[in-house]
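Some structures to go through are shown next.
Presented sequentially are two complexes of subunit A, the first with subunit B as partner and the second with subunit C.
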Partner chain A sequence: MALSLKNSINIKKKNRIIDKITRGGLLIPTILSASFVILIVFFVSMRGVSPFLNSQYGELSVDFIRFISGTTWYISPNIYGIFYIIINTLYVVILAALLAVPVSIFTALFIAKMTPRLISGFFKTVVELLAAVPSIVFGVFGLGVITGIVKNIAELFGTQTAGGISTLSTVIVLAIMIIPTITLLAVTAINAVEKDLEENSLALGATKMQTLFKVTLVKSKSGIFAGIILGIGRALGEATAVSMVAGNSGTGPNFNIFNTTRTLTSTMLLGLKETTGLDYDIRFSVGIVLIVLIILTNLILNFAKKKIGRFS
Partner chain B sequence: MKKNNRFIRDRIYQILISLVSLIGLVILIAVFGYVIKNGSHLLSWDLLTGDYYSEVYDAYYDGNPVTGSEFVAPSNLDNETYFSTRWGIALKDDLDVEGHHYILVVYVDINSPLASLPDKNEEGNYVSVTSGQELGKIIFIDEGYNIMNPTDGAENAIQMFDENSDIYNIILTTSGKGIRGSLITTVYLIVMTLIIALPIGVLTAIYLHEFASKTNKIVGILRRMIEMLTGVPSIIYGLLGAAVFIPFVSSISNADGGSLISGALTLAVIILPVIISSTEETLKTIPDEYRQASLALGATKSQTTFKVILKSAIPGILSAILLSIGRIIGESAALIYAIGTAIKDEIIITERSTSLAVHIWSVMSGETPNFELASAISIIILVVVLLMNLTVKLAVKRISR
Partner chain C sequence: MKKFIIILSLFMVLGLTACGETTTEATTAAPTTEAPTTTVEEFNTNASIQIYTRDTTSGTREAFFKGIDFSDAVDDNQFLATGYVEVDGNGSMISSVNGDEFGIGYVSLSSLEESGLIGLNFEGVEPTEANVLNDTYGLKRPFNYIVRDDWTGMETEEQIVKAFLAYMGTIDGKATIQANSGILSIETTDQSWDDIKANYPVCSADNSAVTINFGGSTSVEKIARALSEEFSGKCGNFIADHNHTGSGDGYKRTQGEEADGANKIHIGFASRGLKLDSSEPAVTGTYGQICWDAVVIVVNGVNNVIANITTEDIKKIYDGTFTTWSDLLA
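Moving on, here comes the complex of A and B:
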């Protein structure tokens, strides 16, 4: 009896040790997974700082003030000014959001509130499939279809475009790509609104649409805003499709929607030939600016979201 | 009266919203319609299995002079195809993807003397004229040399075939523009990426859900850092690949610059958050009774986790795999940096090559974008990605029921 008790205590001890080892072993992949964010920031910064260092590029090295405030970008003879590219990027993304947000909210209302389950399920699947379409396919579609439409629109206004490659094409492609993101989050937010609230509004004599706009949307605006933040983040970082329709203008900022534009991501992706040298390393500097821009935008929008959420 | 107005306005809003919600459907149909219209005629077994780079062969005829005209044209040839009864070959004028005229071999009779010709450049090697090849310059011998230039057109070429009994020299170009290399690369990337990311992702999810304490601050920070990965744009992952994985792979293997391994490592980081969150979601759905029952039977926590919980989490892990495959197939920006954009026919994992998506980028970013090939590859990508997503959706519905 005593022996078996001792035995069982021993086994318990052994088991506890095994569990500790397992826990420790599992911590390794977890720390590895978490470390990639640090790896990204550290190594991209290391590489992205090098164009500004005399020790790396000597006389060729780029002046940081000129880089951050410049309004021209030519690979040869090494003129790198990123200021106008930042402005163009923000301009394109804001226009895309203005286009995408109403469409997304309407689509979300339609899916969540206005149709029988079968139809709403169908439309939700459509939006989910749209979200799964890869960026490169939207690029092909953008260059093959949207630039053609934009070219025709420009001719209606009596102006010329570079074969439809323009700010407007970029805006439309981006809007198409962020509509699914915003819509899906908006559907979740709208579905989370308590039924009682809407029923109360209807009982008070409000019409269905008044209820949707003045009760449901108001109540779910915080969740919808979260979707918009996600969509804008995605739009800022979107590279392949944007590069195919943006045109990479050499100077700016450009606010004419029929002229070519240049975003941070298209600057990084287009004309990539060498994998060493100043022209390659400067793309990492653009990468740092992109990361900073995304973080700042997120912080500002999240701050705004809190402000908006308070007044509901 | 006022009430009526209200309802009219209601109706207008309703119609407006319904119309706007059609936009998503219209875009999806337009995308599909465009790639199918432009690419479907290219989709063929030859496209999937063919080389991207065309090869030029230089051959001659070494048999007896061909004098009879016993070959019969197959019945399915159209009006623009010309047939030589003497040599048993059918030709047609065609335009290549860049818009140049060339003579296309449409059909070669199996008994035709052209079915096996000795290679001029490699002794003992035989070249066969087959459908899909491009016909180059031919020097015939009959009563003297007769030269057929490819610019003469298919009708002239057939006339010369019928008039001449021997071939001194024939130049053939295999069709090219096939995507076999990129197809194989994509499969390699999927397999390698999953092998790297799956264990790390699943184990991380197990730690976070089963072992880590919910209130520990450090665990919270780790979790936040992993969540941050989902917000990183894919081009930044490309920079990570270029700055970290390319030098890393170069230092441990004979790779020089970007390689499939550096690409797979980069993709692994991209799909890691997908695998972790999907696995953790399934772990959440496993009832605590399972864990308690297993522990009560005397199993250790480790045994419980790996023998009971992990087994129940398999459906979630499978759906994570499907979603990851979709992501890997569609990924372009990251791979442009982490591997490169050079299309290859021979695939070696320590060398560069393109996935299907990057193949599209390569053919679209040249001087003359090749919309047809890009659309054909897009069809393949879209079908695979959408099937994966629909399968996951249906499976999740099934399980949750």
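Moving on, here comes the complex of A and C:
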């Protein structure tokens, strides 16, 4: 009796030590990944601040007020302006979200609720594959296919586009890119709704459709919103595909969907490989603005998510 | 694996239909839901000219705007007509103009043939490599080299640089230049490096402690890097240090005011002719031409209204004086 008690104490002690070691082992990679974020922000900030410092570029230093409020990207030698680029970025992302959100939610409903398990599994795999397609592929697809379609749409309206390179093409490419992100999270959220709740609704005499839209969707909207936040994050940060179909207009802002546009990411990417000096460093300044913009957007959306989640 | 391929192909088919869905959704906003069937058979000259340009860091852009006498626009977009499209590479330029029947742009001559675009005659001269080499085609610039004149205290470096210059004239060197879009003619009489390397004993020694500084034009950087990387292996593994800052520094840092400063280089490059009479009086025998770089103005394959363009007209297109194709043809 006494022996077995001693034994069990020993085992408990041993387990505790293993717990401690495991915790230590997990801590190291956590610190590592957190420090990468800090390193990146630090590095981008260091370079991004330098264009505005007299000590770095002397007479060529950039006027920050003009930088943040300007409506022309570049006037030689040192006048940069990104106000219109910020506005255009937000405009494009909002339009893409408006296009992608309904499509994603309906896709998710269909996958989660409307199909037999075998077919829904297949569709889910397809959407997952779409989520894994690299952005350059979307860019090539956008330039090869979507711009052609947009060109024809513009012709219907009697407008001439630059071969379809336009805000609308950018919006469509971004929408296709974020649809899988939103859909997959929405599927998870919808599947997480308690069966009892839906059965209660059906028992009360509600039709299947009423249950789907008034119970299931309402109950899962917090999770769906999390998907939308992720999707918008991806859209804001997307560079390669966007810079291929946006047209990179030099002035703005532009709200005509058939005209060219420019986003913060495409501005950073364009010419990055060839340029040097001030023109190189200013791209890091744009990077800081983009990081701030993404953080702000996430904060606002998370706030909205909490508000919406409260009424479920 | 088989399963994966099946899923992948299904995904591709579905991907296409899914895209079709998205776009029909967009078209429902249009007054008519009919699919657009306008195929351009006759070129509509009332359409606007859509100009395409490379971004301000591009060497092709520099060559183009300098070549059409529009230097203001080399690194400043504000002089361009509004509504231009800025693309980030030769490839994007080609696919963009290919997708726009009313577009006009410029690509490097070496990529014209496979682009599917129409290259316009410039001032009546057809854009071919032969016409560049016989100096009749105007939209081009020379790539020149310039080396130090004063080699005091750098005898090994001098030997290596001399060997490097000789290497640029060999079949091996010329092939590398050509592969990096430089235009030159390779003659059957050209020697190969193996034929002449006996004349350069420095290359059979171990030069891994010697650093050769390259500099000057950024446009020539790609060719210079390819050459130095290749030649280092053939000449005792010397270290090639490239610091390209612009054509002006090519002369300045070899024979000009910075020739003995901290930034001094052993060999410099210029993507333009040297100003021998004024600010860059290089010593005879220390400079020469490597190859040509040529730009060609391109339009879409369906554009049959124009085959030739003048300096004046192309400038008026890019500065916005001409807005439609009929303006240009008038």
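Here, the second predicted complex is superposed on the first by the 275 of 312 C-alpha atoms of A that agree within 3 Å, B and C clash if a C-alpha of one lies under 4 Å from a C-alpha of the other, contacts with A are read in each partner's own complex, and residues count from 1 in each chain.
Here is the rule we use: a contact is a pair of C-beta atoms (placed from the backbone, for glycine too) under 8 Å apart; a residue touches a chain by one contact, two chains touch by 3 or more.
In this text the structure is predicted, and so the values were computed from the model without any measurement.
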Ask   = Do subunit B and subunit C fit side by side on subunit A after the overlay, or clash?
value = clash
Message = If we overlay the two complexes on their shared chain A, which of subunit B and subunit C does A:L269 touch? Say first, second, both or neither.
response = both
Task = Once the structures are superposed on A, label A:N259 by its partner contacts, choosing first (subunit B), second (subunit C), both or neither.
result = second
Inquiry  = Touch test for A:G250: subunit B only (first), subunit C only (second), both, or neither?
reply    = second
Query = With the two structures laid over each other on chain A, which partner does A:L290 touch: subunit B (first), subunit C (second), both, or neither?
reply = first
Query = Should A:A203 be classified as contacting the first partner (subunit B), the second (subunit C), both, or neither?
reply = neither
Query = First (subunit B), second (subunit C), both or neither: which does A:G163 touch?
reply = second
Inquiry  = Contact-wise, after the overlay, does A:F36 reach subunit B, subunit C, both or neither (first, second, both, neither)?
reply    = first
Ask   = Which of the two partners, first being subunit B and second being subunit C, lies in contact with A:I65: first, second, both, or neither?
value = neither
Task = Please indicate which partner A:K151 is in contact with in the superposed arrangement: first for subunit B, second for subunit C, both, or neither.
result = second
Task = Considering only the stretches 22-30, 58-66, 76-84 or 112-120 of subunit C, report the one that runs into subunit B.
result = 112-120
Query = Can you list the residues of subunit A that touch subunit B in one structure and subunit C in the other?
reply = 103, 125-126, 129-130, 141, 143-145, 176, 244, 269-270, 275
Query = Mind pulling up the subunit C residues that touch subunit A in the complex?
reply = 7-8, 10-11, 14-15, 18-19, 22-23, 25-27, 30-32, 35-36, 38, 47-48, 50, 52, 55-59, 75-78, 80, 82-88, 92, 95-103, 218, 245
Query = Any idea which subunit A residues touch subunit C in the complex?
reply = 72-76, 99, 103, 122, 125-126, 129-130, 141, 143-149, 151-153, 155-157, 160-165, 168, 172, 175-176, 243-244, 247-251, 259-260, 269-271, 274-276, 279
Residues of subunit B defined as touching subunit A within the complex = 6-7, 9-10, 13-14, 16-18, 20-21, 23-25, 27-28, 30-31, 34-35, 38, 199-201, 203-204, 206-208, 211-212, 221-223, 225-226, 228-229, 231-237, 239-240, 242-244, 246, 257-258, 269, 272, 276, 300-302, 305, 326, 329-333, 336-337, 340-341, 357, 360-361, 364-365, 369, 371, 374-375, 378, 381-382, 385-386, 388-390, 393
Ask   = Quick one: in the complex, what on subunit A touches subunit B?
value = 15, 18-19, 22-23, 26-27, 29-40, 43-44, 46-47, 102-103, 106-107, 109-111, 114, 123, 125-130, 132-141, 143-145, 176, 179-180, 183, 207-210, 213, 233-234, 236-240, 244, 265, 268-270, 272, 275, 283-284, 287, 290-291, 294, 298
